[in-house]
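We just call them A, B, C, D, E and F in the order they show up, numbering each chain from 1.
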Amino acid sequence: MISFDLERRVRHLHERYLRIIDDDRLEEWPQLFMPDGVYEVTTRENHARSLPLALMSCHGRGMMQDRVTGYRRINVFEPHRYHHQLSGFESEQLADGSVRTVCGFLVVRTMHTGAISIFATGAYYDVVAQDSDGELRFKQRTVITDSRQTDTLLVIPL
Amino acid sequence: MQSSENINTHVPYWLMHDPAVYRREQEHIFSGPTWHYLCLDTELPEPGSFVTTYIGETPVIVTRDEQGELHGLINRCRHKGALVAIESCGRTKTLRCLYHGWSYHLNGALRLVPFEKGIEGKGGMPPDFDKHDYGLMPVRLANFHGIIFGTLHTATQDIETYLGPDMCAHIRRVFHKPVVVLGYYHQVMHCNWKLYAENARDSYHATILHAFYATFKLNRLTMGGGLVVNHEGWNTMNYSIGSSLQEGEYDPKELRAVMADVGLADPSLLNHRLEFADRITVAIQSIFPTCVHQQIYNTLAMRQVVPQGPGKTELHWTFFGYADDDAELRQLRLRQANLIGPAGYVSMEDGVIGELVQRGTTGQGMEERAVLLMGGSKVESVTDSRANETTVRGFWQGYRDLVGVLQ
Amino acid sequence: MQSSENINTHVPYWLMHDPAVYRREQEHIFSGPTWHYLCLDTELPEPGSFVTTYIGETPVIVTRDEQGELHGLINRCRHKGALVAIESCGRTKTLRCLYHGWSYHLNGALRLVPFEKGIEGKGGMPPDFDKHDYGLMPVRLANFHGIIFGTLHTATQDIETYLGPDMCAHIRRVFHKPVVVLGYYHQVMHCNWKLYAENARDSYHATILHAFYATFKLNRLTMGGGLVVNHEGWNTMNYSIGSSLQEGEYDPKELRAVMADVGLADPSLLNHRLEFADRITVAIQSIFPTCVHQQIYNTLAMRQVVPQGPGKTELHWTFFGYADDDAELRQLRLRQANLIGPAGYVSMEDGVIGELVQRGTTGQGMEERAVLLMGGSKVESVTDSRANETTVRGFWQGYRDLVGVLQ
Amino acid sequence: MQSSENINTHVPYWLMHDPAVYRREQEHIFSGPTWHYLCLDTELPEPGSFVTTYIGETPVIVTRDEQGELHGLINRCRHKGALVAIESCGRTKTLRCLYHGWSYHLNGALRLVPFEKGIEGKGGMPPDFDKHDYGLMPVRLANFHGIIFGTLHTATQDIETYLGPDMCAHIRRVFHKPVVVLGYYHQVMHCNWKLYAENARDSYHATILHAFYATFKLNRLTMGGGLVVNHEGWNTMNYSIGSSLQEGEYDPKELRAVMADVGLADPSLLNHRLEFADRITVAIQSIFPTCVHQQIYNTLAMRQVVPQGPGKTELHWTFFGYADDDAELRQLRLRQANLIGPAGYVSMEDGVIGELVQRGTTGQGMEERAVLLMGGSKVESVTDSRANETTVRGFWQGYRDLVGVLQ
Amino acid sequence: MISFDLERRVRHLHERYLRIIDDDRLEEWPQLFMPDGVYEVTTRENHARSLPLALMSCHGRGMMQDRVTGYRRINVFEPHRYHHQLSGFESEQLADGSVRTVCGFLVVRTMHTGAISIFATGAYYDVVAQDSDGELRFKQRTVITDSRQTDTLLVIPL
Amino acid sequence: MISFDLERRVRHLHERYLRIIDDDRLEEWPQLFMPDGVYEVTTRENHARSLPLALMSCHGRGMMQDRVTGYRRINVFEPHRYHHQLSGFESEQLADGSVRTVCGFLVVRTMHTGAISIFATGAYYDVVAQDSDGELRFKQRTVITDSRQTDTLLVIPL
C-alpha cells in the first residue's frame, strides 16, 4: 500500500480527470498524461482473449489532441455528455517510484434529448508518475470496459 | 403513391418501422435463399471448437468436429427449444442442453436423451422415438476462402453463383493467405437493419458524412474508383484507387468538413502501406443481405448485421490481419483501428445516422418515401463515377425479389 | 357495450393501450386538420433562428428567414429521411443534412445537392430532377399573438375560427404585451397522451388530487369561476376568480388534504400579485389536441403534449413572464415556480395520475369504460358550477370528429 | 405442421412470442373460468387489512371488512380507471381514489362521490346516477384452507371441483394448521409466462438442470415418488418420497453435476426435519394456470406467476412456516431458504432457463414446435416413473380447453 | 486546494447529506443548511441558457421544511426512494473562509414495485461554511442535472 | 466518529471487498470475514416488515465457501459480472472496539452478451473488527437492497 499522502494525490488526479471530462473541458485532458503517455480503451472480451484491438489508442499527447480535435471540429454525432463515478481504488508502488493503480469506473451518458443510460462500466488500469514539474501524470491509462458493446458510438474518451 | 416498379428508387419509410414487415423479413429474407456471414474459418482452430452467432434472429452454432469438418446448426434444442450453446465461442466434446440434458454430437446428431428408456423401463420416450429425427437442425455452410457463410434455406444457390464473379474475385484478393483475428467490436444502433444495409452500400455519403475523409483529403468521391454490382444488385462493392487532388465540380466549401486550419497533431495516424497491386486503398463489399467486408487502408474487417427488432440492430465487427504480418504492418493495422469501428474517425457517424433516419421518418413520414435517383434508376456496375446510388438500389432489388413489393 | 353516441361520456379504456389506434391517431389527429403549439415567437429572436419540435411523432422545424419571416418545415430530409436539424434550437444560415449534405434554405427550399451534376458530368441526379420538387415539406404556421401554431393538414381552419372567440380572447388577455421565456421543464409520463389531455381539461380533479390547494385554501371548486368550451368542445378553459371560503355541500373532511394542523413554515410562497383586471387567479386553457396554456397565480406557461407510443408521453413546459416585469414580480413568478412543473406543489400529481390510470386499465379493463357524467352528457360552457366534466367530454367530441367512433 | 390433436405433445413456439396470442390469453385464460392464487388468509389479519395483487394483468385488491369478511375487487376506479389501492398491502377504513376522491367501502360499494350533487345544486352527477351501479367490480373469492383464490369469471367451478380430489388433499396436508409468512421474493424472468408454468410442472428437468440436487444426491428422478394430475391435467403435482441411492439406467456420468470431488464445507445446509407422515420430502403442486405451491424439505412457499407482456414474467414467492414452529424448525426453514428463490441452490436456474428458451425460439423457431413425448402422449397420473412429461402436457390441455387450438 | 482536514469534514458533510436522504430521514435535511441557506435544483439546459427557472428553489430553512411537509403530508405519489453516489470532488477556499466545492452525483430511484432506474446525474455546486455551533453547513447548494427531463415527478430533493 | 486512521482502514476493506468481487476473485471473498462471520442479503421489503427471510444467508466461512462452490462448480447461469460503486459511508465505534458502519452500494451487472443493467442498489450494514492476525474483517455484513425484485437470479454475492 502506498503512503497516505501519495494515495491522496493519486485520487485527486483521478477526480480531476473525471471533472475535466464531465465538465466538457476536454482540451485539458491530454495534459493529465505524460508527453509520451499512452491511453487505450478496449473491452474485457478482447483483453481476456489477448486480442490487441482497441476502440481508441493514443500513443502520446499528439494523438490525444487529435481525439479532441475530432470531437470538437470534425466528427458528427448527437450532443451528449458523460457522468463518471469511481470506486474500488487499489494501488502499489513500483520499483521506479511510479504507482500502479486500478480503479473501477461507471459512465452514465445523457443525450441532449434528455435520455439517460449507463454507457459503460469497467476499470482504469493506470501507471502514474511524477512529472518534471512535480505534477502527477498518467504514464499509462488502460480503460477496460465490462461490456463488449458500444451504444451508437464512442467519441468522448472514457 | 408510387407504382410497384420503383421500390428501388422510392423506398417507403414505413418499412423501417412496421413490426409485421419485420417478421415477414425474418421468414422471407433470413430464413430464405440467402447466404449469411457466420464467422471465419480461423476462429475454429481445432476439433471441438465452436462459435455461436445469428442469421437474423435465429441463433446458430458453427462447430468443428473430430474429423476437422465444419457444421452449421440451429442453436435450439430439439426437445423444448432452449439455446444449447450459450458462450460466444469455446471448445467442447458435445453440445449438451442445460434444461434436460439432451446431448448432441458436434455434427448435431442427437447422442443421448436422459431417461430415454425411462426408469426401470417405465416412462421415457415412446418406442417409435428415433434419435435420428431429433438432431439439431442443420444450417448449410459454405467455406469460401476462409469465410464461413450459412443459409437456412435448402434452395439457396451455391456460394459462387450467389456472390457473382467480381465478388468472388475481390474476396480471393483479400483472403489469398491465412488471416488472424486481431479483435472484435460490437455496436448497437437504434435503427432498422435495412438502414445500415443501405449505409454500407452507399458511396454517396462516405466523403460527406465522414468529414474526416475530406478534412484530410484521404478519400473523396472524385478519386478513381468504381461501383460494382453482381447478382442483379444483391451484392455490391465500392472501391477507391490511390488518391487524387482534383475536386470535381462539387464546391468543396460545401463540405462542412474542409477546414483549412484543422490538422493532425500526430499525422502518423495516416501512415499506411500499399498492400495490394491494384492500388485500391478503400473497398467496401456488401453481400446481400447482412454481410459487409471492408478494406480501409490497412484495416481489414468483416461486419455482420444482426437485426433485433424494427428499431434496433447490432453490428458485429471482426478485425483481422494476416498471419505473416511483420511487426510494423501489424502496428499500422492497430493504429489505423482508430479510423474504424464505434470510435472510428471515419466510421463513428454510421453508428448514429441510421437512428437519425429512424427518428426522422416516424409520424407523417410513414406515408413518405426515400428518393434514390442519383445516377438514374438502373441497377448496374458503374466505373465512370461514384456519384451514383446504384448499389443502394441494388439492395432494394434483392429485397423486392424476396419480400415482394410492399407499397 | 355502449352505443356509438356516447363515446363522450363512456370512453373505452383499450383506446389507451392499442398500438393500431395509436397509429391511427397519428394519421387522423396529428396529420389531420388540427393546430399544434410549436413555440413562441420570442424564441426565434433573429434571422437564422430555428427551433425544433414535434407534431405528434412528426419532427418539425420552425425557422426565421433573412426577411424575418417564420417558416414551418417537417424535419426530414427529402433525400433519405434523416433529421435535418438535431439541436433543440440555434442559429444557422442554411439547414444542411449530415448524411449526404443536401442543403436547404431557411424557407425549406432545396438549395444544393452535392454532386447533383455528377462528377465530370457522370452520375448525379437525372436531367428531370428539379430541386423545386424537393424542398422540406411545409408545416402551415399561424402566429397568434406570439404563439406559433402549426398544422400538417391543408384544410385546417384559420386559427381564429379554430380556436373560437373565447379562446382567442383569453390568449389576447395574456399575450397583450411582449413575453420572455424564463425556462423549460421536460417531463416524462408513463401513460397514453390522451390521459394527460383529459387531465389538463379536468376541473373535477384539481382541488382533490392536488391536496395542496385545499390544504391552503388556495383554489377550490367552490370558488367563483367557470368552464368555457369553444369549437364544439375541442377547446376549453377552466378558470377561478378570486377566492371564497364557503365549502359548498361537499364535506371538507372528505378532502384528505384538509389538515388543520398543516401549515407552511414560509408562507411567502403564497404571495402573489393580481395581474389581470378580471381577477382570474387560475386559468387552464386547452387547445385541441395537445396545447395547454396556463396561468396559476403569477406563473405563466405553455405546455405541449408529445406522444411517444401508446404508453409514454412527454410534456414540454415553457415558462414565461413579461419583458417589462419589475424585479419583484419576476421573483414572484420564479418563487411560485415551486407550485408547478414536475416538482410543483399543485401539479406534480399530474405526472403520475395518468400512469395510475394506464396501469389500472390493463387486462380486464380493456373491456371497460370510463364514465364522464358529471354535469350530464352535454358539451357546453358552464358558469354556474365547475362540478362538471363538460370540458373532458369536449376532448372526446374532438377525438370522435377526427378518429371516428371506436367501440 | 402438426394436426390440432397434439398441441399437448407438440407446442408451437410462436405462442411464446406473439402479442395477439398474449392479449387473447388475457381474455380467455385470465378473465376466463380459472382460479388464481391471490394471497394467504393470514396476510389479512384484521378488519381493514388489504392486499393488492394481479390476475394476469388485471390489478386486484383483497380486503377484510369490518365484519371480518374477505372481499375481492378489481383495483380500478369505476370513474376513470385509476388504481384505487397503490401499496402492496396495508390497513384502511375506506378505499379512496386519488384522482377525484371517489371513495369505496371495504366491500367495494361506492360510498361517496365528491360533488355528486354539484355545488349548490348545480352540476354534479345526473339524477339517475345510482352509486349502487358503481361499486368496484367484484372478484369472486374462495378461501381454501387459508389460501385465497380469485376468479374474474362468473361460471368458474367451485374451488374443490376445480382443484380435484388429490390437489385438495395435498393442500389440506400442508395447510392443516395456522401458517405464518416469513418473507417474500420477487423475481423477474425474461420469458413468456407459459414457459415458467411448464417449468414448474416439469419433473424431467429438476434433477438435471438443478445440478445441486444430483451433486449431493438430494433428490433424483429415480427416487420414489409420482406425478398426479387432476381436472384433465389442469392441475398437477410432482413429489418425491424419502431417498434412494440406486441410479437407474441413466448413466450418472451424464449428469454434469455429479462431481465426486465437490463437497459442502458446511453440510448443515442439508439438515432437514421430516414434517409429514407420508415421508414426502419434495412436492411441487401447480394449479392452472398460475399458482404453484411448493414443499422442498422444510421450505414451504406459494409462487404466483404474473405475466407482463409476451417476453416478461414476474414470479412472486411467499415463504411461510407454521405459527407453532419451534425455534430449531424455524431456523431450518430459514437456512434452507438458501436452496430456493432467486438465489436458491436448487431453483436459481429456473430464473434463466425460460429466457434461454425465449431466445432460442425466435426467428426460424417461430415455425417449429417443442416435443413433449416423454412417457407418451397421454395426460394422466403416473406413479411408476417420473420420467414422464404428463404434467406438462396437462398444462397444454388446459390451455387448449380455454384458448382453443392455435397452430 | 483546501487543507486535508477541512476536505475530510466537507466530504463527511456530503456523505451525511446522502445518508439523510437515502435513509429517508428528510426531517434532518434542512438542518444541513445555514438558516438562510439556499437550495436550488435546475437543469443544465436552463443553466446553459442562463434561464432562471428552477425545478425546486428554497430560500431559507422554512421553504425546505415546507418541501418536507409536502413530501410527508400533502403531495401524492407512488412510494419510492433514492440511492446516491458521489464522485469528482473539487474544492477551493474563498476569501471569507467558506469553501466552494463541486461534486458529481448519481441518483438511482427504486419504486415500491421494485422498478429501478437512473433518475438523475449531475453535480452539486456548493458553498459550505462553519456555522456558529462549529458545524459545517451549506450556505448554498445548487443542483444541476445533466438531463433536461424529469421522469414522472420530483418530490424528494436530490 | 472513528479515528481517521481506522476510517481509512475500514474504507480500504470496503474497496478490497469490491475489487475481489468485481475482479471475479471470489475465492478470496470468505477471507474478508471472521471465521464465524455472518453474511446476509435481504430486501428492504422483508426488512421493513421484520420478516426474517433472506435471499442468501451464510453463517460462517464454510457457508460462504459453499456459495463460491455453487458459483464455480454447480449452479448454471449465463456468464455475467458485477461492477460496484460505494458512497455514503458512516461509522461508529462500538464498546468492544469493533466498528459499526453503513455504506451505500450500487451494483451494475453486465452480461456476456454486452447487456448492461442496474442490478441492485442498497446499503451494507457492517460490523468490522480486528482479527487475531491484525487484519480488519467483517463480523457481520448485512446487505439490504432497495428493490424487492431480483432480475433473473442472484448467484454472485452482492
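Please note the rule applied: a contact is a pair of C-beta atoms (placed from the backbone, for glycine too) under 8 Å apart; a residue touches a chain by one contact, two chains touch by 3 or more.
Computed from a predicted structure; not experimentally measured.
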Chains in simultaneous contact with subunit C and subunit E: A, D
Farthest-lying chain, centroid of Cα atoms versus that of subunit F: C
Chain pair among B-F, D-E or D-F whose interface repeats that of C-E, sharing over half of the contact pairs by residue number: D-F
Chain at maximum distance from subunit E, centres defined as averaged CA atoms: B
Same vs different contact residues, subunit C with subunit D, by half of numbers used: different
Distance from the mean Cα position of subunit D to that of subunit B, given in whole angstrom: 44
Geometric centre distance via CA averages, subunit F-subunit A, whole Å: 28
Centre-of-Cα separation between subunit B and subunit A, whole angstrom: 31
Junction residues of subunit E - those touching two or more other chains: 76, 78, 85-87, 106, 112, 114, 118, 148-149
Sites on subunit C at which at least two other chains make contact: 86, 88, 98, 186, 188, 209, 349, 356
Every chain pair in contact, whichever chains are involved: A-B, A-C, A-E, A-F, B-C, B-D, B-F, C-D, C-E, D-E, D-F, E-F
In the complex, subunit E residues that touch subunit A: 1, 4, 44, 85-90, 102, 104, 106, 118, 120-123, 146-149
Residues on subunit B engaged by subunit A in the complex (per definition of touch): 88, 181-190, 209, 211-212, 215, 257, 259, 262, 264-266, 269, 314, 319, 334-335, 337-338, 341-343, 345, 348-349, 351-352, 355-356
Residues on subunit D engaged by subunit E in the complex (per definition of touch): 86-88, 98, 186, 188
Residues of subunit B touching subunit D in the complex: 23, 26-27, 30-31, 54-59, 74-84, 86, 96, 98-101, 103, 112, 114-115, 117-120, 122-126, 129, 134, 137, 152
Of all residues in subunit F, those that touch subunit D in their complex: 41-43, 45-46, 51-63, 65-66, 69-70, 73-78, 148-155
